[in-house]
Amino acid sequence: MLYHVAMTVNLPADMDPAVAAQIKAEEKAYSQALQKEGVWRHIWRVSGLYENVSIFDCRDHEHLHEVLMGLPLYPYMDISVTPLNRHPSSIHPGDQ
Amino acid sequence: MLYHVAMTVNLPADMDPAVAAQIKAEEKAYSQALQKEGVWRHIWRVSGLYENVSIFDCRDHEHLHEVLMGLPLYPYMDISVTPLNRHPSSIHPGDQ
Amino acid sequence: MLYHVAMTVNLPADMDPAVAAQIKAEEKAYSQALQKEGVWRHIWRVSGLYENVSIFDCRDHEHLHEVLMGLPLYPYMDISVTPLNRHPSSIHPGDQ
Amino acid sequence: MLYHVAMTVNLPADMDPAVAAQIKAEEKAYSQALQKEGVWRHIWRVSGLYENVSIFDCRDHEHLHEVLMGLPLYPYMDISVTPLNRHPSSIHPGDQ
Amino acid sequence: MLYHVAMTVNLPADMDPAVAAQIKAEEKAYSQALQKEGVWRHIWRVSGLYENVSIFDCRDHEHLHEVLMGLPLYPYMDISVTPLNRHPSSIHPGDQ
Amino acid sequence: MLYHVAMTVNLPADMDPAVAAQIKAEEKAYSQALQKEGVWRHIWRVSGLYENVSIFDCRDHEHLHEVLMGLPLYPYMDISVTPLNRHPSSIHPGDQ
Amino acid sequence: MLYHVAMTVNLPADMDPAVAAQIKAEEKAYSQALQKEGVWRHIWRVSGLYENVSIFDCRDHEHLHEVLMGLPLYPYMDISVTPLNRHPSSIHPGDQ
Amino acid sequence: MLYHVAMTVNLPADMDPAVAAQIKAEEKAYSQALQKEGVWRHIWRVSGLYENVSIFDCRDHEHLHEVLMGLPLYPYMDISVTPLNRHPSSIHPGDQ
Amino acid sequence: MLYHVAMTVNLPADMDPAVAAQIKAEEKAYSQALQKEGVWRHIWRVSGLYENVSIFDCRDHEHLHEVLMGLPLYPYMDISVTPLNRHPSSIHPGDQ
Amino acid sequence: MLYHVAMTVNLPADMDPAVAAQIKAEEKAYSQALQKEGVWRHIWRVSGLYENVSIFDCRDHEHLHEVLMGLPLYPYMDISVTPLNRHPSSIHPGDQ
């Protein structure tokens, strides 16, 4: 099932750059592993902002919750979650 | 280039059902043609609402503008447009 | 899977009372059938307002979408949908 | 009487993990005791967020107030309270 | 139990003045009857606006709901309901 | 003249409990003195929140301003002020 | 006593121009009479919008309420009212 | 030319009182000098809040900008600026 | 002096197309005349929406007000006005 | 392609003035270099606020993203991005 998730990252401006770099690296590895599994189906950067729009394909709400709670950057994020359906006009079989 | 477009449709409750059905059919045909061209890359229905989230792949802003202004349902829509970049963590080559 | 759905009904003040009564009766029958199936798990009235808060237990997003789109009062509603998980503190086995 | 309570928890990102774990454990014990009493009737996790939606069954507003003010996580919470009625369409005798 | 209720009245500008006057007269009678019962404990006009702030003393949420749903002006109102407790600093015995 | 004042208190979560208790005690004494004078006519606690709704009866705006600025908790408060009139439907002579 | 009142006028786009002109003329006459009395102390147009910002000097809230309710354009207005004090830095004796 | 400027001051609650008093004194002197010049035409205190509403009469936007940027309290302020015109109903020659 | 003006056009969906076309033609002629005068310095279309962002160069607020009030589409517009200064970093002499 | 970017700068009030001056100088140099390239086409100061409105002319979203992420003041900014089209009424050839 698909979930539209918008994430805004608010790292404190005075955070130790090394700490920030470390968390970002962990976030990237975490995200790419899930992308390979097909769970994190899409991730796009919102132009000009430290925000992303992602599409997750999860078994159910619990699965989504685990995935998002596991994000290394989670404590610094504002997140909104919107469940998505297959659109009746969609021609993409896989876009359910 | 990718654009995230959220569309909310507000058809008047007292609209003639036949007129509504006609416009929706035109909208579906219009959308599917653009999907085949690869312009309308994704369209998902927001669960429970008469809203969709779409990803458009357009040459530039003008192209996006033409596409959206041509929507048969446009006069009944609230629309928000957000430009998207390829995310540095994305493993999907085509997701730029 | 559980979905928290808040519904606000805005019937036009000048609607024919008979028409309004008819739609409300259809809505009640529709709701009670789904409650018997266990799909519409809870429905509460927000005190003082023509709003309800409901908990739906659906197979997936598509199922929820069908259920909500079938509401006779749907054209007159503002709806918000929030996916719910079982809470780690919950002692209610059935509250997943 | 039923109250719909939405709680968002904002723990400081730099809080000592041990302190955070301690408060969360107290919160869980506090919640489960009230659930056993039937006061905290439902608690669900909002998927992907550190938020819950709960339904409380209290004698009156004072009782609700005591219960919420006693939450160990209270100082870190944004809370909204909405009184609920039994819905005329509800088939659940206990859902008043 | 006390409820703070804010009511904004939006009568259509083109409403027949006689109809408007009739509804307002019914509203006044309805309100004054409830005030005599002690249910509608306070009603104040918000200076400069067609809004009132009221304090209701009701047995429970159901009672409040009946009272508000019975307002002749209800179809033209935006309403917000906030449950109130006795304040620990209050010296007014009756202000629970 | 009556003023509706809504006050939300945001004490820092890491404030020294003794300091917090001290300010709260001063606030209570300050409020009760004004209640005895009839200036602070009503104070109610918003159920479940560290907020109150109060009705002040002041000579004029300056008087209200002095009263609110003198609140020991003022630096930690979000405040909104709404002037109130006697309502034409009110049967309470004193509720002007 | 001074009140800051912001007024936004929303005349229906399809209103009979003659009716609109008539109401505006009545509004102007009404306003200028109050200005001569010193009640309507200031009226400024918000540049580019059909809005004004006004400062009223009224005996009390009731007086303000009468004045605003008497505005011919009242049914087409969104209004916000803010009580004002003399500012401790003001050098204008009359600006209380 | 006139500008309506609303200023909200948010001094940190834990600011050294002597520092706060110093900045406020500088702000008062700064304001009164501009009032004597006729630039700061009006300043009123919003009743009950640490906010003011002011009317500035400046040569142009640059002049306004200099004036506001020079406010000693500027770093602690939320400011909104609205250009004002002479109102066609105004009888005050000087209120352009 | 420069003003940033954002305009959203909300033509009724059931407006006679001929009437709409006529007003749009008048709007275009009106705008182009002002552009030639250098008053309407920039006009851009917001991609995907019936909105524009414009930069006006006017003598003063009155001039801006006349210009905007003269817009044929004005009755169908939501408008926001923001005064602009020359930016200290700007290298464009004419961008004051 | 053009992008409308609004930037609000929120420097901590207790920032070391020398550090602030340094970052501002870097920001100015960064901006002026991009202005010379024609990428940062316009930059205006919002009168009275530490905000600017800018028009960027970028190859594509990625280019815009690089430019904005490179802003020395970026960590202290709230930013909104709006893609712009050439307006059909524009007489300025270069304003696409």
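For clarity, chains are labelled A, B, C, D, E, F, G, H, I and J in written order, and residue numbers in each chain start from 1.
Going forward, a contact is a pair of C-beta atoms (placed from the backbone, for glycine too) under 8 Å apart; a residue touches a chain by one contact, two chains touch by 3 or more.
Being a predicted model, the structure only gives us computed values, none of them experimental.
Both chain F and chain I are touched by G, H.
Centres computed as Cα averages put chain C at a distance of 44 Å from chain G. Chain A and chain D have CA centres that are 27 Å apart. In chain F, the residues touching two or more other chains are 2-3, 45-48, 61-62, 64-65, 81-86. Working note: touching chain pairs come out as A-B, A-C, A-D, A-J, B-C, B-I, B-J, C-D, C-E, D-E, D-F, E-F, E-G, F-G, F-H, G-H, G-I, H-I, H-J, I-J.
Across the complex, chain C is touched by residues 2, 4, 27-28, 31-32, 35-36, 42-48, 52-53, 55, 82-92, 95 of chain D. Against chain D, in their complex, chain A makes its touches with residues 3, 5, 12, 61-62, 64-65, 68-69, 75-76, 79, 81. Against chain E, in their complex, chain D makes its touches with residues 1-3, 60-62, 64-65, 81-86, 96. By the touch criterion stated above, chain H contacts chain F in their complex at residues 11, 13, 45-49.
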